[in-house]
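Contents: one structure, followed by commentary.
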Amino acid sequence: MALSRADGRAVDELRPISFSRGWLDAAEGSCLVEFGGTRVLCAASFSPGVPRWKVGSGSGWVTAEYAMLPRATSTRSARESVRGKIGGRTHEISRLIGRSLRAVVSLDALGENSITLDCDVLQADGGTRTAAITGAYVALADAIAWGKANGHIREQLRVLTDSVAAVSVGIVNGTPCLDLPYVEDVAADTDMNVVVTGSGNFVEVQGTAEGVAFTREELNALLDLAVVGTSELTRLQQAALAQELS
Amino acid sequence: MALSRADGRAVDELRPISFSRGWLDAAEGSCLVEFGGTRVLCAASFSPGVPRWKVGSGSGWVTAEYAMLPRATSTRSARESVRGKIGGRTHEISRLIGRSLRAVVSLDALGENSITLDCDVLQADGGTRTAAITGAYVALADAIAWGKANGHIREQLRVLTDSVAAVSVGIVNGTPCLDLPYVEDVAADTDMNVVVTGSGNFVEVQGTAEGVAFTREELNALLDLAVVGTSELTRLQQAALAQELS
Amino acid sequence: MALSRADGRAVDELRPISFSRGWLDAAEGSCLVEFGGTRVLCAASFSPGVPRWKVGSGSGWVTAEYAMLPRATSTRSARESVRGKIGGRTHEISRLIGRSLRAVVSLDALGENSITLDCDVLQADGGTRTAAITGAYVALADAIAWGKANGHIREQLRVLTDSVAAVSVGIVNGTPCLDLPYVEDVAADTDMNVVVTGSGNFVEVQGTAEGVAFTREELNALLDLAVVGTSELTRLQQAALAQELS
Amino acid sequence: MALSRADGRAVDELRPISFSRGWLDAAEGSCLVEFGGTRVLCAASFSPGVPRWKVGSGSGWVTAEYAMLPRATSTRSARESVRGKIGGRTHEISRLIGRSLRAVVSLDALGENSITLDCDVLQADGGTRTAAITGAYVALADAIAWGKANGHIREQLRVLTDSVAAVSVGIVNGTPCLDLPYVEDVAADTDMNVVVTGSGNFVEVQGTAEGVAFTREELNALLDLAVVGTSELTRLQQAALAQELS
Amino acid sequence: MALSRADGRAVDELRPISFSRGWLDAAEGSCLVEFGGTRVLCAASFSPGVPRWKVGSGSGWVTAEYAMLPRATSTRSARESVRGKIGGRTHEISRLIGRSLRAVVSLDALGENSITLDCDVLQADGGTRTAAITGAYVALADAIAWGKANGHIREQLRVLTDSVAAVSVGIVNGTPCLDLPYVEDVAADTDMNVVVTGSGNFVEVQGTAEGVAFTREELNALLDLAVVGTSELTRLQQAALAQELS
Amino acid sequence: MALSRADGRAVDELRPISFSRGWLDAAEGSCLVEFGGTRVLCAASFSPGVPRWKVGSGSGWVTAEYAMLPRATSTRSARESVRGKIGGRTHEISRLIGRSLRAVVSLDALGENSITLDCDVLQADGGTRTAAITGAYVALADAIAWGKANGHIREQLRVLTDSVAAVSVGIVNGTPCLDLPYVEDVAADTDMNVVVTGSGNFVEVQGTAEGVAFTREELNALLDLAVVGTSELTRLQQAALAQELS
């Protein structure tokens, strides 16, 4: 018997996805990504030079910072700048995004240049970290193109070795489901974020039992769904990047 | 002889202004305001109850927090959450927005309810604080309407005693100009932010000589321009608020 | 062809494991756990009462804090107390330990009591977070026994619904290996931490590709190894807890 | 009908003003300034060299820091050092003092030297920021003289292009008044701080409606009063600086 | 052979000492104390009520905070509020002052009232902590008198059980000396701060060898000098407190 | 009449003392020191180079950091890293340990090398600061030997000019006692920490009256006891250092 999802989707169906490239005038790459009601503004800042610990290495650096606006959520949260420190969750997600992007970048080909991805959640409806990774890849691709067009990277170098996309999956009322909105996320027994390359290999698998520990079979079913979702996201990223950037 | 402005405007002409109400699904009031390339997301969060120092007063509170996304500007700035403290400029503007809004709110009519205005600059091209005040008023009006519709405020009470709008003016190459974009702002000798009520009185006047001190005549010319600009902004706010909120 | 490991172990063999219960005189539960050269002091502090957000719920709370002494590592690191903030890695691991333990605790049976697990790494040689989880379970079991012996929890309640243990696995020079020491950890292409209950279900699966993305087959091989390791750790935990606590 | 002021002054009369130059033995310039009961210790520290962002520019820097002792006020306030962060008001005033002084300094003539003005309020009775600006100018003048006497600045260079003084004005019970003490300040509807050069031009105009927005006429009346007050302060600064420094 | 001191004093002679009571208009007790060039403003703030951990005890609390203005010293130091944390030396001295004063206060007689002593060094020329203790006692005595005059403490209760004064002593060029100014302090081999009650018993003895460890004989000679100095300071405190407070 | 101590010791008798050298595999010197139930892990980290302010001086630096694990004490304390700042007591003790060690080190003979002593209290039962100094000396001696063995210091240089040990003494129920455990410490009227060189001279004397001020006679008795204790500790340090380090 099929699960009836609140928004009428099939269990292996993504929410409506959109990528708005060039949303910011000044950023070297930018993309407002939407996974249903989740909206994340991804800005890629390209800067010649690298952090001190990489100077002279001939190799570049890609890093990310994730944050939420205070009223992205259904009730207001205090700003981390006001509290004077960054929470554990924010740190964790920033590190995840950075690692995921570096998995598809040749830092040697990038040369001694740095790219910072700022992923700011304007509205949160579940899956913000996976939307951030998926949108940040698009902004990153534009920033690398900018670096080539502006002579910071030699045109023929292959800086991006693959693409990367991410999606959340979870077990909701006993049924494995793809791309959970907030209402399903809070109800899920197990919650997993999976980051997959365009060629179908895994970059990150992060599964957490919220209440009941999960079996090997459930783990396998979730991984199957995640691969379905990221394949579709890969296709949509390519379509977005194939368009002319106004 | 007339100044030739980079964007072809007359010296007493505003940039294109737009207000997108209801930009956020969950916020009690929200408005994406644009003054040319400057885009500020204003979210009004209504919450029953007041800060401890007002409990039992029968009166409410309105406060504001201003911030910029790291890549709102032409080069990336470090996040205040990462630096672990809020800069002086941020504090100063947050306080200005809060004072400006409270000037047109009857806190007694609001009752023991609080409204927090989050003004996050998504893209900065000069005049972010004045855009924030002008947009925050629209979000505030919607949040008060929400408070009435949801039984937190009695329908017949007049919580808003007036409207409020703000604009920047400055002396650019010797000529007083209205609504400065970034390129004019950095070149201005004197920079002034003026907050004016819908009925034409002053709430705040903040003028600063950047290089040369200014005369009483220049001050008068700037105030004249500001009143022209805020009258037009008042009209646009009313038009925006007259529309049905989808 | 078999991988030759630096310490001569088989690929599916754990390092020497030891649990020293009651290492601290005052703590309600404590355990110095060793996974080879990795030594973590786990202290469980039992306190009647719960954090404010749980008062009146009838249910308890279990949380954890992880930290490293500055000279636990081969070169000295600055103290987080001196830097004035906790790093992202520390936050991430503290949250992981807390979630892992809560997966095997009935918070309702615990009642309105709190247990804090402090996991301080005295010496680090790889796998500190998995050693911390595995040792913290032992300290937690003793603290719950203390809570029963001292009348804070009714004797017949089953607070622990299962046991929990964790181990790291990774692909070193192309070969999946169990329980990586530091020298293997830094050389691994993929690094995975797996938290498993005594009954063999998964609580957390966190796999990260350090360089090359990993295939579904590699993922399966790593999960197989992890289950071998955690089964053995479960057996050793039970043996340690079966002894009389002096 | 004239307002009756608590201390018997005319509406356009300053409180008793005094400048004690050389209050500190070691500072290159110092001045204990008093505006009635308001006492601010202004110390100017001259140091060869400039902040990193000005090195090699050939030009100097002048900055200021404002603070209050915890018991400067009628009830004790917590120290900002204890709270671990500087409040918005402190930041705002420090920036105002720095800008006001830089308006009358030729940074090129100063050369690559820095002067820091510390303005510490020992006792607060209204108008602390305007007293601080007015006293800091005197300390600054002495520090520049010290720099010349000690060979850091060439004798014939004109580092000070003008003098600067500041005063508060406000509308108290409907009447515009000059130089408000604390009791009038809290009762004022509109409060304005005005910074004026010795030659009578404006450096800063900061007017705030506390309750009721103010009209253009009221604004003009306040500016008139401010010019009266700063003219007198300019005269007193010159008299103080004309004396031999013991 | 006698040491020749820079300021011509005998080895057992104090610098000129002065106490200016009532230096602040609003504080319940205040005293500007001078030990030669060292000037410390001591403010005692009396407030009904006690910190949370003493509520209901029937007993009061006395605490102290010590700080230096940035230009109290010969070269400027950064503000602790700007650095965002209080240094070890500041903490240490604040705690010392608080302990020293509590040694002569009957907290039971004080009742559930709190007195905070703020000791701010306006100018530092050695011995700031001992001057602070000696001056703070005077401010404390006035604050207790205020508490009695204003009905917070019953008139007949003996809140002060003794008086307290402090002085620094040290071995300069091999000679034990009393009350070291900065030039002697930096040259001293051993530096000792001694806090003594009016009746001649010890509250604190803090001796530190800066270079060479000191012998028991040297320790005895320093203690003898300290007792000479604190006896004289006790006499001067009594004289100051015997005067009418204007 | 003799005091009856809880643990049956004579008033001039130390608790059982042990030094476990080489407790950490990687540290250049390390020692787990025990004074009865007090256990402190002392790690000495040797690093070529000196802090910026000593570069080019030809001379080295020795510093220390003291901290307690959260459950070292009978009830759990919050971590200083979580609170975001280091407490006054921690600062004070870190500075004391550093000063005490530097008193017996020739920084010139050390050359431009730095040694950091981390003293982490694993279990606290009184006298943690004196145990830390005494154990840190042993770790320091091993780190200096390592520096010689590894060519950072010339073999024949005498870096250690003496040894150093410390002990607490106090007046318990009117009787001066040596080496107070926690139960005696909280009950003591006067508490003194004394740091003495191997040759019997004083490095630090820190005595504090907790309740009643102490007389010169009591001070003398406490100093006598301290010298007895540190002589014995010196002997035990020498014995520990005479053994072969495995």
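General observations
Per-chain residue numbering starts at 1, and chain names A, B, C, D, E and F are given in the order in which the chains are listed.
As a convention for this text, a residue touches a chain if its C-beta (ideal position, glycine included) is under 8 Å from a C-beta of that chain, and two chains touch if they have at least 3 such contacts.
The structure displayed is predicted, hence computed values, not measured ones.
Following the contact convention of this document, no chain is adjacent to both chain E and chain F. Number of steps on the shortest path from chain A to chain D, with steps defined by chain touch: 2. Where chain A touches chain C, over half of the residue numbers in use are shared by the two copies, so each contributes mostly the same positions. Taking the mean Cα position of each chain as its centre, C sits at the greatest distance from chain D.
Its C-alpha atoms superposed on chain E, chain C is turned by 120 degrees; the angle is given in steps of 5.
One finds 51 Å separating the Cα centroids of chain A and chain F. A separation of 33 Å divides the Cα centre of chain C from that of chain F.
Between the Cα centres of chain B and chain D there is a gap of 29 Å. Chain contacts: chain A has residues 84-86 touching two or more partner chains.
Shown here, the protein chains touch around one cycle, each chain meeting exactly two partners. Contact ring, oriented from chain E toward chain F: the chain order is E, F, C, A, B, D. Interface of chain E with chain D (complex): residues 24-27, 30, 37, 41, 43, 45, 47, 65, 67, 69-76, 79-82, 84-86, 90, 116, 118, 120, 122-123, 125. Chain contact summary for the complex, chain C toward chain A: residues 85-89, 91-92, 94-95, 99, 103, 162, 192, 196-197, 199, 201-209, 212-216, 219, 223.
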